[in-house]
Structures are given as C-alpha cells and as structure tokens.
C-alpha cells in the first residue's frame, strides 16, 4: 500500500468482520467519522487478544496508540458489515505500525483506510518496553 | 417473561448477533452499562430496517424511544458475541413495547434483559401517529 | 419523586453540567437514547470520583450497575448543555439506588429521568461488599 | 504549527471546552484513542453550528470528513476538561483543512493534535459544492 494508491483487500493479512450499529450513524445518516477509528481499534486489539492471548487487564506491558490516520472514501450505513483488514508495515523494538483498510462486505474498493501506531509501554511506569515475544510472534505473519 | 423470573432464549422471537468492540469496555474491564442499550437499540432498529424496510432518513413516520430499562446479570467482555433477542409484548396504536434479552453466544442464561418502548411519530410535527402498516406487519410475528 | 409525577430540579441534590457532543446525535437529528445513560453514568461516577475520592483503577471495592431505567420526555440536540441531577433514594449495605434527572440548561422540566442502581463488589472476587465508608460519607448528603 | 514541533495554545483561533465522560475511558483507565476524534468533531461542528448557523438537518450543503489524523502525546482521564482548539490552514473552494489541538485545562502542552479535512457536498447528490458563504465567513477569522 502506498499513500497515493488506494489499497485492496489483498493488501491485508488479517480480517475481522464488524457489523455496524444503529448508534454509529450521525445526523447525516451515515457512520460518523469517529466510529471508523473504533473499527480500526477493534481489529488491531481483537487480533492481539484472540491470536496473541493479550490479557488487557493483567498484562504488565500494554500497547497504547501514538498516531492514527484515516482517509474516508465511501459512506457506511446501518446495517452494513465491515471487513476490517490489517497488516504490519513496521515491527520495531517497542513500536508497531499497522496499515488498515475497511471494506463493506459487498465491495472490493475500501470505504476507508489509514494507519495506526502502537507503542508498547510498562503498565505502571508508562515507559516504552520491548514488544512482548508472544505478541511479536503473532505480528510477524502480518508483516509485509 | 415476567419481571421476577429471568428470561431464556426461547422467550424471544428474533435474534441479532452483535460482536462487542474494544471501545465497549470501560475501566473495570467489562462492557460499560451504557453499551447494553446500544445492543438493545441495534436489535430493535436492525429488525425494523432489515425486515420492515424502514428507511430512517426518509420515512415520514419514525419510532422514538420513550422508556427503556435494563437489568444487568453478567459481565460482558471483548471479544464476545452477543445474541440480542427481541419480542413484542404490546403492539398499540402508536406505541410498541419490546422485551429484550442479551445472551453471550456460549451461554444459556441472559447477561442482561429489559424493555424498550417506541412511540411512532410524524417526522416533522413530532406528534404520535399510527404504527405504519408495513412495520406492523413485521412486528406481529414477534408478538407473544 | 414518584413514578407518576415528573421530577423537577429541586428534587435533586447534586448536579453536573454535561455538554452534548456532535456524535451524540443519531439519524433523527437528536441525542440517541443510549447516550442519556452515558449522562447518568457520568453524573454518578463524576460525583464518586470528585467528591468521594474514588480511584477507579485502584479501589479494591467498585460500584457496578445492576439496573437502570430512563423515561424520555424531550429531545436533546447538539449543542446543548445538560444539567444532570442525582439523589440517593436507598443507601443499603452494598447497594445504592439513585434517581436521576436530565434538564436542558434553559428548561425547568426534565428532558428525561430515571433510576440507577449500583452494587459495590470486590474488584477481584466480584462478590458484594459493604459500600466503603468514604463513599458512604459522600452519599449521605444526597439522601432524601 | 508544523508537523515536527508540537503546537501550543496560541496556535489556535477558537476553543471549545469539552469535559470527559466516564464512558470515554477504556480498560487502560485513560480516554480511548477513538474518543479524541470525537473531541475534534465536536469542536469543528460546534463552531459551525454555533458561529456559522449551520442547521445539520436542513442545510442543502453539508461538510463531510475526508481525512483526519491525530498524534497522541498525553493520557487523558475522567474527569478532565479539554480545551479543543481549532484553526483553518486551507480554505479551498469546497474543502476546508483544520488543525486541531487538545489541551487539558490545567496544562500548556497539548495532549494531542492533528488535522481534520472537510469537503462540502450537496446533501442529496453527494457531489462537492462550494463552501456556503455563511460558513466561509466564519471560517475566515480562523485562517492563519
């Protein structure tokens, strides 16, 4: 994926299906821009919990978000099912950069896409830490 | 369903599967109480849009909420899939009372249940109107 | 406050001003019903944190919601400022029942009102506990 | 503001105070990343409605979001009050680019900052339109 060409489904390595909710739509009758980031967040965290065994309430090291960006291409509605695709474009010592694409289940072109950067920190001191090995192991297959 | 006995899955007539999202959980590590009502809202409106052909941005008559109640029995987490079940306990001239149960997909007992009352009003004047025939037709099979 | 007469501002003991947000409004151009419970939640928890010194991430005993109800009387919009009033109608050993009223800052009649019941539990075992003394002390002045 | 130096309060032209809500915080005990965009959205739309007289349910031309970005610098909590500052860095024919900074009310350095791009479109055809004159007039004083 390159910032001048819209990504396609094949660009992503892991998908999560996210149905929209009534409350996602705003006064313009479409999913509010803020909610797209909730889909990003759910796809990234869903992968970490489901595949990486992350226990958010206990893990001594946690991933916190330092930057996100979204480009909006198509309106989404309720009810729609969104395939949220993720891949890892940089797996650093303590930071992980993802690219994300949101696709309506009946469409090939993305409704939106962007990036999402996590830094892994110590739960108590809030200082950067190495990405835990168990997490790194499930991120490697998502790398491009 | 009677207010002193918890309902079971068989008490409901229509179900919608709703996966939880990362953002649904609050500082106590469980789905925030407010979000349960979002599941209620999504189940009721999802049925109206999908089965009843309701077009929320165009319909001259719309359903607005006049009362809801929820009793919380079990904590929900991310990721979980919730089966939101609904039935109609009163189909009046302009008002519709639903009972709703939320069940974790792997559980028989409800995580929560309650009621939800819609009044159908004119989109412009905001005065009560008869429930539209097309809506009434899809609510009748949900009646107990 | 009695369930057949709408409450007024004087019925409540503690108020929190909550401005609405763009995202609070749904396709019908008014604040979505779910969001009213977010105002309830914010008023109750805001009081506990601000007045009672509750530290939600550390406290060994926490308040979890077991039942809420809301009756909706008026539509709210963006931007509006809501005065969320609370009082305690039952301060039990481990449970606390609040009544809550939401008032648009320029109106005397409530936009909505209802109740909210907390049970205080042990953070780890999730079993009911006595309401902590420091919390009880700030709830007493809210009792009717 | 330049993308390599964090902005300060003086960089912004219009501010809206936004108190956090209980529900804004996630399992890590801080305001969830998604919610920062809700503050962006509320500041931009709040200005348009309050100062520009935008009527979201009626206006034949509406602003829809085509890109947003946020860099997160500090954690936010409940309760906090956020001063959301905005300025306009490009006022085009149909598009408007804002820079936004979020400041905790007791802090000088930003908790987060980023950009937000609106394109104004026809409500029905969804095609780009000129920014309405009445809107342009209230955006000009926000230009740098």
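By written order: A, B, C and D. Residues from 1 in each chain.
Following the convention adopted for this analysis, contacts are C-beta pairs under 8 Å (C-beta built on N, C-alpha and C of every residue); 3 or more make two chains touch, one makes a residue touch a chain.
Here the structure is a predicted model, which is why all the values come from computation and not from measurement.
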item: Turning angle required so that chain B lies on chain C, C-alpha fit (0 to 180°, nearest 5); value: 180
item: Same or different residue numbers at the chain A/chain B copy interface, by half rule; value: same
item: Relative to chain D, chain with the most remote C-alpha centre; value: B
item: Inter-chain centre distance, chain B versus chain C - centres from mean C-alpha coordinates, in Å; value: 22
item: Centroid distance [mean C-alpha coordinates] between chain B and chain A, Å; value: 29
item: Inter-centroid spacing, chain C versus chain A (mean Cα positions, whole Å); value: 33
item: For chain B, residues that touch 2 or more chains besides their own; value: 22-23, 25, 27, 29, 32, 34, 38, 41, 56-57
item: Parts of chain C lying in touch with chain D, wherever the complex brings them together; value: 17-19, 21-23, 25, 29, 38, 41-42, 45-46, 49-50, 56-57, 78-79
item: Contact set on chain D toward chain B in their complex; value: 22-23, 25-27, 29, 32, 34
item: Parts of chain C lying in touch with chain B, wherever the complex brings them together; value: 27-28, 30, 32-35, 37-38, 41, 56-57, 62, 64-72, 75, 126
